[in-house]
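Attaching a single structure in structure tokens format; questions to follow.
Order of writing sets the labels: A, B, C, D, E and F. Residues in every chain begin at 1.
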Amino acid sequence: MISLFDLALSNLLSPVVLFFALGVAAALAKSELAIPEAVAKTLALYLMMSIGFKGGVEVSKSGLDQHLLLAILGGVALSAMLPVIGFSALRATSKLSVANAAAVAAHYGSISIVTFVAATQALQIVGLPYEGYLIAVAAAMETPAIMVALYLANRGGKTSERKDGLWREVALNSSVVMLLGSFAIGCISGEAGLKPVAPFLVDLFRGVLCLFLLDMGLIAGRGLRQGFRTLSVPVIAFAIYMPLISAGCAALLSLALGMSPGGTALFITLAASASYIAVPAAMRIALPEAQPSIYLTLSLAITFPFNLTIGIPLYLWLAEAIQ
Amino acid sequence: MISLFDLALSNLLSPVVLFFALGVAAALAKSELAIPEAVAKTLALYLMMSIGFKGGVEVSKSGLDQHLLLAILGGVALSAMLPVIGFSALRATSKLSVANAAAVAAHYGSISIVTFVAATQALQIVGLPYEGYLIAVAAAMETPAIMVALYLANRGGKTSERKDGLWREVALNSSVVMLLGSFAIGCISGEAGLKPVAPFLVDLFRGVLCLFLLDMGLIAGRGLRQGFRTLSVPVIAFAIYMPLISAGCAALLSLALGMSPGGTALFITLAASASYIAVPAAMRIALPEAQPSIYLTLSLAITFPFNLTIGIPLYLWLAEAIQ
Amino acid sequence: MISLFDLALSNLLSPVVLFFALGVAAALAKSELAIPEAVAKTLALYLMMSIGFKGGVEVSKSGLDQHLLLAILGGVALSAMLPVIGFSALRATSKLSVANAAAVAAHYGSISIVTFVAATQALQIVGLPYEGYLIAVAAAMETPAIMVALYLANRGGKTSERKDGLWREVALNSSVVMLLGSFAIGCISGEAGLKPVAPFLVDLFRGVLCLFLLDMGLIAGRGLRQGFRTLSVPVIAFAIYMPLISAGCAALLSLALGMSPGGTALFITLAASASYIAVPAAMRIALPEAQPSIYLTLSLAITFPFNLTIGIPLYLWLAEAIQ
Amino acid sequence: MTLVTYPKKRIEIIVEAPALSRVLKALDGTGVLGYTVVPALAGRGLGGQWTRDDSFNNASHMVSVVCIVDESLAEKAVSAVYAVVSAQIGILSVSDVSVMRKEHF
Amino acid sequence: MTLVTYPKKRIEIIVEAPALSRVLKALDGTGVLGYTVVPALAGRGLGGQWTRDDSFNNASHMVSVVCIVDESLAEKAVSAVYAVVSAQIGILSVSDVSVMRKEHF
Amino acid sequence: MTLVTYPKKRIEIIVEAPALSRVLKALDGTGVLGYTVVPALAGRGLGGQWTRDDSFNNASHMVSVVCIVDESLAEKAVSAVYAVVSAQIGILSVSDVSVMRKEHF
């Protein structure tokens, strides 16, 4: 088995993580360095397209079986359960309002695809394969947490009226469509379809990820500079211990899902990751009284860096340990 | 000879067409998926740059002879004649005003470079080469239809005054400059010049085309959703039968031009394609009373998808059949 | 030794220079061709990322020694001295005001990374290696000229009050951060870190440079069209002879720095190049009374094209001649 | 001015992007004949500052909507928009403008 | 305000992109000293709705032009622009603003 | 209008991008509660014309700042901004707007 220390070190010194660190440093130093929004959005779409397509090609080779269904069910259940834990923890330890606690909990029940992508890179470095169908699991885990969190927020009484259209918006957000669409195209066109697009979709992947994580670093750094002081210690602590709780739950559950070590590591990573694209936009409509400066800072500026640097090697090690 | 059915099927299942379909589906489902405008414009420029440069390199190897001149003359004549057919057909079968019928006819006389690009991909799949100078033919076929259509629209009387500068704008539009400029650079620098830029200009081509066609699909899908109901059946039918008429004319003419089967297929595709970049912008100045919702919907949302899915394999089959 | 004529010719006919020429021609012909700003900015960042990373990897292989320190000191001294020469020359030969002369002098003391990048390409064509640490030298040469020029402008009396924050802005401008950050990451991750990102950072480099120089050509061409007539002959002449003076000084100094012929050529190129990103922005704050139309036209529309076409082969030849 | 002009109201709404579609739907419901959405780059308010570059997630950037309406419709339009905007991050202001004849508002 | 200010007119033109250069040329012909073009993202009017993302062809998106002019020039500028805009897709409105001295309008 | 509205001032500043941070700092110093920065694409003035596509160097393009303030603060804000803008490339104009209650300006 690979030592946790070696894993963590090789992860920390990979260009992908170093470019993230560069972004954080530049933002903290107030450099005007910025990736234009139009390009950052495209880089994100590219990452979905690439990871989705490759996942689909894998599935076209191995075929689908009941494992996919099992994993999706497991993922959905997990994603529905984690917000309950998160909400209770926040309400018990911090002074966050019901709306704020529910909104934060929704983020931690849902997932971050970029964290998932970074974890696939870490797997590639240590040479572990993973199940292509995890793309579909990831997509399935985006939404359930939002529903549960809204239920938690509205148990008290009046439910928001302006939710018409919200579910369509959430279910058809850019990332999900790009991810599942590319996955389906990969399934259909298979290895033969991948070959002519591989120089774009496969070979460039790592370099593009570096550029994208530079941007994530810039955003996380600006978030740290602005949002940090408004957060209390129990709330900040949540952004570190909650991923670990989620990882633990996912590890237990994964024992029943029969995945490879690589797949297990990714499943744990999904659970431990926190959304910062789909869920914030949904919260602005469904729970406008919750403050974005709280949930965005926690998810983007604390949990994402934590997972990228320490979490991913830990989850990888955990996945190997429990086999 | 390759069977038409096999051609059509392998075309429909290629990632390029599948990504287009994904775009159409996402737009019809009202997903917010979108490629930022700045990126979409750059992808289009990249496609011109790549196809132009490669065409120029081909010509630098084979040299130019009278065939180029012949093909350009043929292309220009065709592009001037097709609007007359289109205009008459529309006036005879639909209730479109003179201005609207002329504007639509201009689009179908002119060409779509992206359709041309997609056809070169289809040729590559079946392993057919084509003449590099067709790039120059494509550029030459952009403008004549506009002049003819304006003549048709203004026969009645008053000609628009605001056309000063219009011809320069049309002749120097981005696509033409990028296409012909890259073609010239390819001619000058030849195979040796291509090598160091090949990883960018050649290897990425297919993947970039997928991303670009995803965007075209989104735009076509939104066009379908909005523009479709305002169009009458004879007008919609025009967007299907006119490409076939154009293809027929081009096929006949190509017998006199002495091109390879691949070149013939591209020539037919050019004739059958309808403009949606250069001509719409020109029409807004030269014929502002014509409604963009009519000509853009026909060209982008009906003819382009038709050519991409069914037209191209058909034209390829036709080109082989008439040899 | 390579003949100057051959060098100049192969440089002029390289796709990189031809795309620049295409841009100039398109702008002079008033074509609407344009690379969207968001993309142009990203291409510039990509070039810094690539050249910085590759420089760092070189250093990770060869190690750092006193040569780096020597070269940085030499570069800083040169960059501080050149504005004095430039300022005196302008004041003696032209009617530019003190502020305008100082602002122009700052541009010519500082450096242009894109000119540097183009020179590395010319080196690659003739197969000359260069010292990776020149990246750090380039970064160090960006700022000193600004300080000296402000001193020259303000000797008379009142110094501007609004300079608070200016030095941080200058020192942490996007290019410097991206260049030095990527350099550091390259140093840390070395050859092993380069490999997975090479398809993006190395293979695409030349093609991206073509696209970027097309944009530079468009901007230079528009600058020529608009700015040229407002400039007097002595001022225009400055934009040609000043790079040659700078090149001469750098060549002399380089004798003491013990660099390879390739490194010497780059060092001369840095001295001869004129800034058009960092310095103009700084001048708008520090010397708002100086006119941007003067310094931007000189640097972007005259000196940059001169260096790209004639200067670089000349400096390369000079570097070989003085060994 | 001796050109014949007609007085209208110009409503300017600066609202967080996730709520844009709901603001536009509210305007659509009032019989307003048109509006234009304009991008914003950065800003500061009681809730802190934001910049476009921070917000590839769309959740924390603002857009601006300009809507020119007849005075008879202005109050209805303002109320409808205000009902949406008051629960979200955003502001709303109204000013007087004049337009040429034959234009549709 | 006790700052000395001068009354001017603010002309705001929302026009389809292909006609922009002609609108600006019309303004240039009236002696107007300056103007600024601002992007638009999306909109709706009598002719239906549009969004920037649909229009890599430039034909169907709008831009906005802001021009602050002296009252003495306003009518001439409005007429010149209206002559272009009335044949195209676009709207035009005018409002009152005040500016500081030494500024050039 | 029968909606209760409050009169405010709308300050619009068009200024070269390198000076933006200094303009915003000047506004911050006056107690203004918010502002929004809007991009510009192109323009013409006494110093010639510019377009966004020419200016990847940021030195020669303009941005626009919209700031809605209470009348009591307007003069202070205008003076503070004018102190910065008068030395730079840029213009400043002020107009009247009304806002709904409970909004913060």
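By our rule, a contact is a pair of C-beta atoms (placed from the backbone, for glycine too) under 8 Å apart; a residue touches a chain by one contact, two chains touch by 3 or more.
Keep in mind that what you see is a predicted model, and the values were worked out from it rather than measured.
Path length between chain B and chain F in the chain contact graph, taken as the least number of steps between touching chains: 2.
Comparing the contact residues of chain A and chain B by number shows a mostly separate set, under half of all numbers used being common to the two copies. One inter-chain figure worth recording: chain A and chain C are separated by 41 Å, centre to centre, where each centre is the mean of the chain's CA atoms. Centres computed as Cα averages put chain C at a distance of 34 Å from chain F.
Touching of two or more other chains is recorded for residues 34-39, 41, 199, 203-204 of chain B. Shared interface positions of chain E, i.e. residues touching 2 or more other chains, are given as 38-39, 95-96.
In this structure, the chains touch in the following pairs: A-B, A-C, A-D, B-C, B-E, C-F, D-E, D-F, E-F.
Interface residues of chain D facing chain F in the complex, by the touch rule stated above, are 12, 14, 38-46, 62, 64, 74-75, 78-79, 82, 86, 91-96.
Across the interface of their complex, chain D is touched by residues 34-37, 40-41, 44, 162, 165, 215, 218-219, 222-223, 226, 276-277, 280-281, 283-285, 288-289, 291-293, 296 of chain A. Across the interface of their complex, chain F is touched by residues 1-3, 5, 8, 10, 24, 28, 33-39, 63, 66, 68, 95-100, 102-105 of chain E.
Remark: chain F residues 16, 18-19, 21-22, 47-49, 51-60, 84, 87-89 touch chain C in the complex. Every residue of chain B that touches chain C in the complex is listed here, in rising order: 36-39, 41-42, 45-46, 49, 53, 168-169, 172-174, 177-178, 181-182, 184-185, 188-189, 193, 196-201, 203-204.
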